[in-house]
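A, B, C and D label the chains in the order they appear, each numbered from 1.
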Amino acid sequence: MHKLSNKVRILIFIVIGFAIYLLSNNVDELRVYQGAQVAVYVVGIASIILLTGYSGQVSLGQGALLGVGGYAAALSQLKWHLPIPATFAIAILAAAGAGALLGIAAARLSGPYLAGATLALAVGLPSIANQFTVLGGEQGLFFDVGFPPSSLGADFTQYKWFFWIASLATLLAIFWLQNVMRSRYGRTWKAIRGSEVAAELAGVNVARAKILAFTLSAGVAGLAGALLAMTIGTVSPSAFPLALSFSLLTGAVLAGVTTLGGVIIGAVTLVAIPEIVGSIVNRAGASEAIASNLPHIVVGALLILTVVFVPNGPVEQMRSRRLKNGTSL
Amino acid sequence: MKSFNRRKLISASAILAVTALTATAVPANAFSPKSEVGVSQTEIKLGITLPMTGAASPGYNKVPAAMKAYFDYVNANGGVNGRKVTLVVKDDQYVPTQAVAKTNELILKDRVLALVAPLGTANNKAVAASVNPGKRGVPVLFVNTGFSGFADQKKFPTTYAILPSYVMEAKIMAEYIKDNFAGKTIGLVYQDDDFGTDALSGFKSAGVKFAATVGYASGSQSATTAAGWVTKLKAANCDVVILFGVSSATAAGLGTAAALKYAPQWILGSVGGDATTIKASGVPAGVLYNAVGASFLPATTDTSDEYVSLFQSIYSKAVPGSAFDNNVLVGMNSAFVTVQALKAAGANPTRASLLAAIDSKGSTFASAALLPLNYSKTSHVGYNGYWFGKYSPTGDLKPDGGKYTLYTTDSGSGAVVKSTWKRPAMPAKGLPN
Amino acid sequence: MTLHVENLTVHHGAIQALTSVSFDVKEGELTAVIGSNGAGKSTLLRTLSGLKSATTGTATWRGHNLLHGKAESHVRHGVAHVSEGKSVIPELTVEENLDLGAIWRRNKNESASTKREVFDLFPRLEERRKQNTETLSGGERQMLAIGRALMSKPELLLLDEPSLGLAPLLVKQIFEAIVNVTKQYGLSVVLVEQNAIGALNIANSGIVLNLGTIATTGSAQELISDPAVRAAYLGY
Amino acid sequence: MFQFINTLLIGITSGAIYALMALSIVLVWRSTRVINFAQAGQALTSTFIGFQTLHYINSFWVALLVAMIGGALISALIEVTLMRVLLKHSSSGAIAGVAPIIATLGLLEVLQGTITLIWGGADVLIAPPLSNVGFTIGTNTLVFSPMKLAIIIIVLALLALLSLIFQKTSIGLSLRAAAYSPELARLAGVRVDAVRTLGWALSGATGAVAGLLLVSNGNGSFSTASMEFSLLLISGFIAAVIGGLESVLGAVLGGLALGIITSFVLMYVSDSLFFIAPFVILLLVLFIRPQGILGKKGGRRA
């Protein structure tokens, strides 16, 4: 596919950023908070798309990498009192380091073994926090990005501030990810996903490419972890449960793992479904048990239906349908 | 031409992003500055998050119904200055991120006046940090946790804990052991997180020596892992064992010990000593018999107590067929204290007047507890002591010698002393003035 | 006409692998299908045995529609397919591979006597009946593959490159064995081979496939003496 | 000494249950090359079926049988309605390799949500059928009771039964053939689809036994959110990987090894390592012997 020039892309991102800015001024606090959640999910999902969609490796433990990022950010603030952007950078680096280690292990594994190893990681890693008092045990650590600057006015809420920070970080991350995927590495990963053997025959160092994919993906996940820590104000083992890993994977599948184009769909779905289902259930006057369980069922069912019927995700599906129908230029 | 396609895709996703967000952005009810959030002419709306489902839910999931039972009783008797008190319940599954999300919903969507009686240290720390009710001036009242950190009013200016801290509990327990089990070999099972760490520091400052300590990872407790604990405690020949964990861990420890014919003198922490949960989890009756437990409320079977008998009659009418246990008593007591705080906050309560009322009059609030509340401008910790007793063959905690002996202390290095405080009579019909 | 194929067209995704292929195999005859790599020979057999579905056309065996239903039902109508590359399961023992061939047969006495016949035909297999198939040589595996097919009491045998990768001496043995079983059981055989001479030498008739279409058909004798065929496929 | 023996006994009983779960995972893996992450959810559902049965017929053994049948039916249903369609639809494409894994995760959510809706989130109780009071030698009581003995006997019996089916019957031959080479099995007349469904059904029944034994090994209480069940999945999976994912014997050895090692770590190192120990064991196995104890070299990438 032909590529947009960088100038046009930068322009598009600025327009999106402006739209987000306008949006943040026109919705209430709850929506702004949910907007920040969406941004966290966008980054988390994008990290899975980089890994699964582009290099064909699966990770059921992405939540653990988010955890590494979150803890790194919180620790660096607590111990060294670094400014917030620096804590984000540390989160990215720390998670990338963990990802590299994981990638070295993962390069030896494939399919179910990799899935299982990352699953075990998702369960095992967060509980490490209990082993070292510096990590704050079950209660975890505080991570406080501070109040919005007073120059923004007294009405400027904390959540809006979170939303701004998260949106900016998200836009930068997605822009960078697009660059990576358009680069030589992106093509290499795609070749590996297509056929490992063929890629190897074509002279690709498969193991190295896989480790690199893991490293970069983990770095992005680390950013998502720091953003998550920011929106909930703490890091603790239970902030990065197995369910988080599954949610991100679900979002990635709903978004379509082969393209970044649908990432917002996956993220919005994750935030919106519990809300929509919850409000329907509440309106129907059903019990709390239904209200808290139905969203799980709906999300799970949606995941299954997507995998079966639109395995490449809705965006890719629409795109290929248009190509097939010949309506596309 | 293909680039056009790509561009369309990107701009389409941008538009999608914007519309998706705006689509969900249904404007909430217009905010009217005149009346306080959550207070209308006819209603005062409160909110609670706690585990209604999940591993931590047994026992605690009876709390909302108990609170509602008392609120309904008040509402049927004229309400609070003519307003009905309603409670919005959200299930947080004992997961901090969920607690944050649900608390946000309560504040931003349900628009409650205050949060009452939420449960859990980790959850409330996360809520305090993220939702930041302190900065918003949203009261978080009578939190069910003994985490000593909530005493820090700079960090948690609007949070009021109700339980004695775990440090206090450990110190008091140490004193009780000194009085009753001097010279015995003592073992400890604790949850290896802040909950247990708080307790460990209390035991340490009281100078208790343990022959064996078993710290289990939160969530790992089961009859299988408990077989390991018991084996260790037995190997160290412990005669007295303190179980300082959640109810499921307490149940696992007691049940497994019985199966392994190990019968030390048990001392159960107040958090895990919930007889209903222990019995429901298949622990043979009789295992709990003679174990030592602690509470600050009267025994649930003590019908000579005016609070217990009133609460029991209210509850049995509101939730027929449900056992009146300690969780119910805790829930109703929280509701009782809440109603006093609301009344003390004036004819048209606001968040600020509610907080001010607790700070100035909190220490005079009546409650079912056998100790006074200690709220003031400088203290946001509720109760500060316990009485000890033993469990009856039916699993009810009864005070030693039929008489409540209250020990009190602080979370620091203060001594443990016996309290001489006498609880004032209950307000007429259990309706605070 | 017992095997009747008409206008058979098969696709591999977007690629047309077979185009309007028509031929017949008479009862008790051996038809060799020759052609270069990628001519569609294996596809033809896989379609006939039900492993692959056809786009259009008809294929019947004694009136039974081979383009309908799955491979496991065709075998119940006497069609046995020995697929390319020593069609045996290495994780099973020799005897289990044979038993597998008869797994759908209800009468266990009959299958036991078929097993006896297979052992008589290939004594080497009996010697190694309890061994893992992995330990067998290439030739032995091919024998086992044919033996497995015979266990299903076939009437139409579809053989895909039985000589592939075997030493010349073994090739000769395998071809002899094929002639033997064909005669002994009165089988109709479709034999796909790269080794065109060997195949045509034992065949009654032959089909030359080229890029998915039939280039020539005729009796084996005619094909061997056809100069064009000789030049293209026989190499002399 | 008694501490050592008790530690070993704790390890063996929990290992036996891990082994069953591993077996259940292996059965599905062999029949369809899918790791079924919904397995623990299915086991939990079957256990609730057993719980429900006890309401009508007060016999643990009847409940076990009904749970096994229920588990088998649920599992078979999943194979027929979901896996078959899925494997046909997504045999190619970007996520072909991971699609089944993701689908089973979705299934896990659906199952867990559904049973919570039906049975509520509160703890329920299945009283263990035999005494859990340990045998006494002299003045010491072992961590070994009639119930634990029964657990080991049931696991061994089930194992013997499965081995017999696999090695000695033509159904077993079909199962193995379909696992190793579906195409050849098909050519030999094996109805591969039906055989796969059977493999899933066997797996479901095995998982049901694992679930009920897990509950009986403890004090009998469990809930839809029981931590033990998610741990059962992870332990089962790790055990299966240690055993090489292919063999019944491997699954059993893997389960026992995991159970015993974990038990010793918890006893002699620290109880707090509960969640980390299995993870470290898995990583060690994957690093040192990626093909598992009984796995064949090169099989790991297949």
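The working rule: a contact is a pair of C-beta atoms (placed from the backbone, for glycine too) under 8 Å apart; a residue touches a chain by one contact, two chains touch by 3 or more.
Source: prediction; values computed, not measured.
Q: Please identify each chain that touches chain A as well as chain B.
A: Shared contacts of chain A and chain B: D.
Q: For which chain is the distance between its Cα centroid and the global protein Cα centroid smallest?
A: Smallest offset from the overall C-alpha mean is found for D.
Q: Select the chain at the greatest separation from chain C, using centres from the mean of Cα atoms.
A: Centre of mass proxy via C-alpha means gives B as farthest from chain C.
Q: Using Cα averages as centroids, what's the distance between chain A and chain D in whole Å?
A: 32
Q: Counting in whole Å, what is the centre-to-centre distance of chain B and chain C, each centre being its mean C-alpha position?
A: 77
Q: Determine the centre-to-centre distance between chain C and chain D, using the mean Cα coordinates as centres, and give it in whole Å.
A: Centre separation, chain C to chain D: 42 Å.
Q: If you average the CA atoms of chain A and of chain C, how far apart do the two points sit, in angstrom?
A: Computed value for the inter-centroid distance: 53 Å.
Q: Where in chain C do residues touch two or more of the other chains?
A: In chain C, no residue touches at least two other chains, as defined above.
Q: Would you mind listing the residues of chain D that make contact with two or more other chains?
A: Only 116, 120-121, 272-275 qualify.
Q: Which residues belonging to chain A are in contact with no fewer than two other chains?
A: If we look for residues of chain A contacting two or more partner chains, we find 127, 130, 289, 293.
Q: Let me know each pair of chains that touch one another.
A: All chain pairs meeting the touch criterion are A-B, A-D, B-D, C-D.
Q: Considering the complex alone, what residue numbers of chain A touch chain B?
A: 1-4, 8-9, 12, 15-16, 19-20, 23, 26-31, 33-35, 38, 127, 130, 136-140, 142-144, 147, 158, 231-234, 236, 238-239, 241, 243-244, 261-262, 264-265, 268, 271-272, 275, 288-289, 291-293, 315, 319, 328-329
Q: What does chain C use to touch chain D in their complex?
A: Interface residues on the chain C side: 49-51, 70-72, 75-76, 80-81, 83, 87-92, 96, 99-101, 103-104, 148, 152.
Q: Along chain D, where are the residues that touch chain B in the complex?
A: It comes out as residues 2-3, 6-7, 10, 13-14, 116, 120-123, 125, 127, 132-134, 136, 141, 143, 145, 217-221, 223-228, 263, 266-267, 270-275.
Q: Can you list the chain B residues touching chain D in their complex?
A: 52-55, 57-58, 61, 93, 192, 214-217, 219-220, 222-225, 227-229, 231-232, 235, 251-252, 255-256, 258-262, 277, 280-283
Q: Quick check: in the complex, which residue numbers of chain A touch chain D?
A: Those in contact with chain D are residues 52-53, 56, 58, 60, 105, 108-113, 115-117, 119-121, 123-125, 127-128, 130-131, 193, 242, 246, 249-250, 253, 257-258, 289-290, 293-294, 296-297, 299-304, 307-309, 311-312.
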